[in-house]
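In what comes next, subunit A is part of two complexes: it sits with subunit B in the first one and with subunit C in the second one.
Coming up: the complex of A and B.
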């Protein structure tokens, strides 16, 4: 497991690697839309707007350099989704990968679920490092031999070959969502998973593609009465009957599938009363939850809204147990952020391996870590300027008052086009993956 | 302070205001938020600041309202809109609408001077039931069609001559409902089945004369604030009466123009 507490007081974060194109001209298709470590942390998957999935694999630690953890190198790249056209509505269906979720490993192959707005696919990623040689009827290049020339018989043998990683689609789960899929989550039973769109949540069996169960439906009979949508959903890490979903109004509902087939009535509803001092025209928009994640322990869950990260104890519905301000200095800028649409950005958040630190992204390629135990928080920047190998990241600070200290950056100088929406934390070690628009940064803690 | 009021109308044209203007609004407008207060201020300064922040709040409300409508109107042809974004925009719009309504019932004089000069248009037309009941807007699907042409089917509703208010309400009511419809809320209803035998090809161009020839009685939706600083969305606004008369009864036209121009 990771170092003591993983607390930001004793961890020094260093740049490790950056993946992706160097030039400033960002191709639309290269925009990273999701990042996810697998359960061992050996594999790191990214999805992009062009429908591609790139998987990186961590090299085993070398004996020569025991100080460094292995680097992540490209393991497999494949086109997961293609753009489609909905002829009924005359609308394009984007190929952008919204989410990737790994299945727990059961055999030599790896499996992951990837989804765009409408279709979920199960991919099998397998290695091939041997191939049979010495066929009786075929030449090595595959051409068939003339049977008359065969005078002896031999048993083909497996010989080593260059490693080949193959990705093949094993299941396609289609036509179950009228609205845009925003979440997928694999159940702890390892047999089922849920997919959530704006108004409905469906339960699937991994083996069955032509049927799914609808377990949540918040679509009103009259669409003009619609005031709330589902923004994220996740299964509990070990209670296979429990899942949560968050809404655009800042509420989280916990549902128990044992209670009824259709979980429209929640078992618990988590909502914090609004602070009347902060009421504005944008209150609802900024309360919209963009991500919800259970802690590894299953005792807590974390939600991300526009300005803050909140930790909830599943046993207490009335208010979060911890609230961390990500970029409170933006509260006075909400009108501008509304005008340029940034107020609708959906930031994700993640836990570290032992639930002691949480992380989320911000603007100007900043990302923030909050240590729950030591009550420290720190801001770092993912930029090419800080990209010397193993260079220690320097904490960044945004100046909010009138006087700007040296090395601080003022709010007006922040680049709102550089946003970090997707971050991931290795399940066991202090290794993090942070996605800027089209680059993936990997940082590690300084070893010894 | 006064520099902001004229500029707010610029938003409707899609011209980006300088960041600093919005930031001034931002900084002034949160009346309840804790603000850094200069300890040297005097009591009169407090009172002035209070009045100013009311004004700013109203101005911000106006700005947000304009932006809201603009965002709801904008859409990329062929791409499905984000339902979450649309719902949040419509909710914000409703909140502002409710607030304007309660301002109106609370202090009817307040808005005449401080808000948009066309506030009476708002008063007449921004009833909360419009979003739901405006029949001309509830029918039809704006997806894939230019919002400037709303293919209404007059035969569907009993508008006729019975309700004189309907034509008054439709221009800006349709603005909001256009916006709501443009979000595709109704997209999964089988509206196509209802209208499949009606040839709508002539409505799918922005060529007005052909729409006129079709004899559509419903006006092109006047969706943005018909401010004197702005070109209205409706291309057949007051300047060209001839074309519009193809589309509307002249009496109704005069009545609407009167209200819009507020002369």
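Coming up: the complex of A and C.
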């Protein structure tokens, strides 16, 4: 059956690959905590709770099978962050990778920023496929030769070797955040980036690690007056002076760095008045924004709160231009979701390459796509059962009451331990990466 | 009454979550602590609102205590809240504070009228209808050597708290679940 994608409603999504262990027993370190395609889509990075980064590379399309786009295979794996201990506060600092952001490629090497709760690191990923051979003073195995035995001189030459991918930390940006870092975002100037924690946003230069500028500070003088925290922040895709940050109160503030050094005063504030009919104990929790993403065009931004996805036009602050319900059937279950902690889950969202479709995750390993043009939405499931190569994904439906039709699943049968928090869409093609707890699913549209 | 029971339950769940979050790896999460405190505040407002409806009948049986059921009970019972939020916010290295706050909270819910006067030191006197609410943990905070257990001073260091909390009113009673 057809689903949204690429602006036309006849895209069929097919299973392509699944990465990760098949056991049901999930090791905590293997829990995927972030997923990100690079700017060309050739590389796909994941970060996990154990502080590791795994990068997959897309194989070039083979001439034998023009129907399939290249598969993603492991390109590099490295330990980005280790657990640390803050001795002053007697606190452990988790090694979990909260976010990965790729830098635009400038030369043969690839660069990415990865962050845990306190420290951001710039990693260089480079390939080595030749090595120098024919040294005068060294044997091929590295042992030094006795200079007296050298009778002739030769010039070392480069010879091909098996491809080696090396990841090395080039910069470590530490000690700038008192609270837990939730976002990083590279500026369109390709020289600076921002990092945001619960109360502050800092601006860094990629070359300078020993200082950063604080550009937003919402810490009240008296912490007892704290009413909201920063939940996500992002730079505008091409206006290097503009960024937005979202709050736990459901507001988004757009700031212009030209206005002043400290952007505590927003240039625009986006807020939708609350629907008084939906008021409950948990209204404040579910209105907290868990992710904010600019559209590729820079005209719109998307926010994700617990139950919905909203698209905002940057020119209109009073309300979103589109609202999509992700799993409205959960509204009557908020109390149980509070008890089992699910209500605190932070779902991310993403745009497709031409901003016509948006995607976000849900429970029971479901993920949802909303086609903005055709006003068509669909739910798919990432599961091993549907993982025959190139099998077309069948849309899923949750029955919301009354009679449950065949193939529908009732709200009470949903598995709330299986959640999709992190999804990513290839910047150019209809390829998506969807992370379940410890597996990464890659789906593609069917190329005929 | 159902609202009252539900509010109590949510308060209990929230407090146990707050306790649990202190032992989490990575330290106290400010965002989560803030959200928990917001839910607790709503639940507590509703709890008190429904208690106040019953207040006239209870006041008869405890004639010593002042009948002031206006803003003071809220003032008194709000007081531990900011402490809770503070310790949550400042990545608690002092493990005693939240525990003793929760305990004060415990007593204050049960004995609002007792704590109106700052001079009252004995928090532990049990009134008629007020066995310790069963939804709160009975653990007492561990004291460092040399420290004494004492009632928290009402309104002393919390100048800011009063201001910020005046925005809360009984209009926040939320019936819907």
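The definition used in the following text is that the second predicted complex is superposed on the first by the 441 of 448 C-alpha atoms of A that agree within 3 Å, B and C clash if a C-alpha of one lies under 4 Å from a C-alpha of the other, contacts with A are read in each partner's own complex, and residues count from 1 in each chain.
Throughout what follows, contacts are C-beta pairs under 8 Å (C-beta built on N, C-alpha and C of every residue); 3 or more make two chains touch, one makes a residue touch a chain.
As the structure is a computational prediction, the values presented were derived from the model and not from experiment.
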Is the arrangement of subunit B and subunit C around the shared subunit A a clash or a fit after superposition? clash
In the superposed arrangement, which partner chain does A:271 touch: subunit B (first), subunit C (second), both, or neither? neither
Once the shared chain is lined up, is A:331 touching subunit B (first), subunit C (second), both, or neither of them? first
Which superposed partner A:71 touches (first subunit B, second subunit C, both, neither): neither
Contacts for A:248 in the overlay, against subunit B (first) and subunit C (second): which applies, first, second, both or neither? both
Once chain A of both complexes is superposed, is A:224 in touch with subunit B (first), subunit C (second), both, or neither? both
By the touch definition above, which subunit A residues appear in both interfaces, subunit B in one complex and subunit C in the other? 86, 89-94, 117, 179-180, 198-199, 223-224, 226-229, 231, 248, 278-282, 284-285, 288, 334-335, 338-339, 341, 344
In the complex, go through subunit A and note every residue touching subunit B. 86, 88-94, 117, 178-180, 198-199, 223-224, 226-229, 231, 248, 276-282, 284-285, 288, 331-336, 338-339, 341, 344, 412
Per the touch rule above, subunit A residues touching subunit C in the complex are 86, 89-94, 96, 117, 179-180, 182, 198-199, 221-229, 231, 248, 278-285, 288, 334-335, 338-339, 341, 344
Enumerate the contact residues on subunit B facing subunit A in the complex. 11, 16-17, 19, 22-23, 25-27, 29-30, 32-34, 60-61, 63-64, 67, 71, 78-80, 82-85, 87-88, 90-92, 95-96, 131-132, 138, 143-144, 180, 184-189, 192
Listed in rising order, subunit C residues that touch subunit A in their complex are 6, 10, 13, 17, 25-27, 29-32, 34-35, 38-39, 42-43, 82, 85-86, 89-91, 93, 158, 160-161, 163-164, 174, 176-177
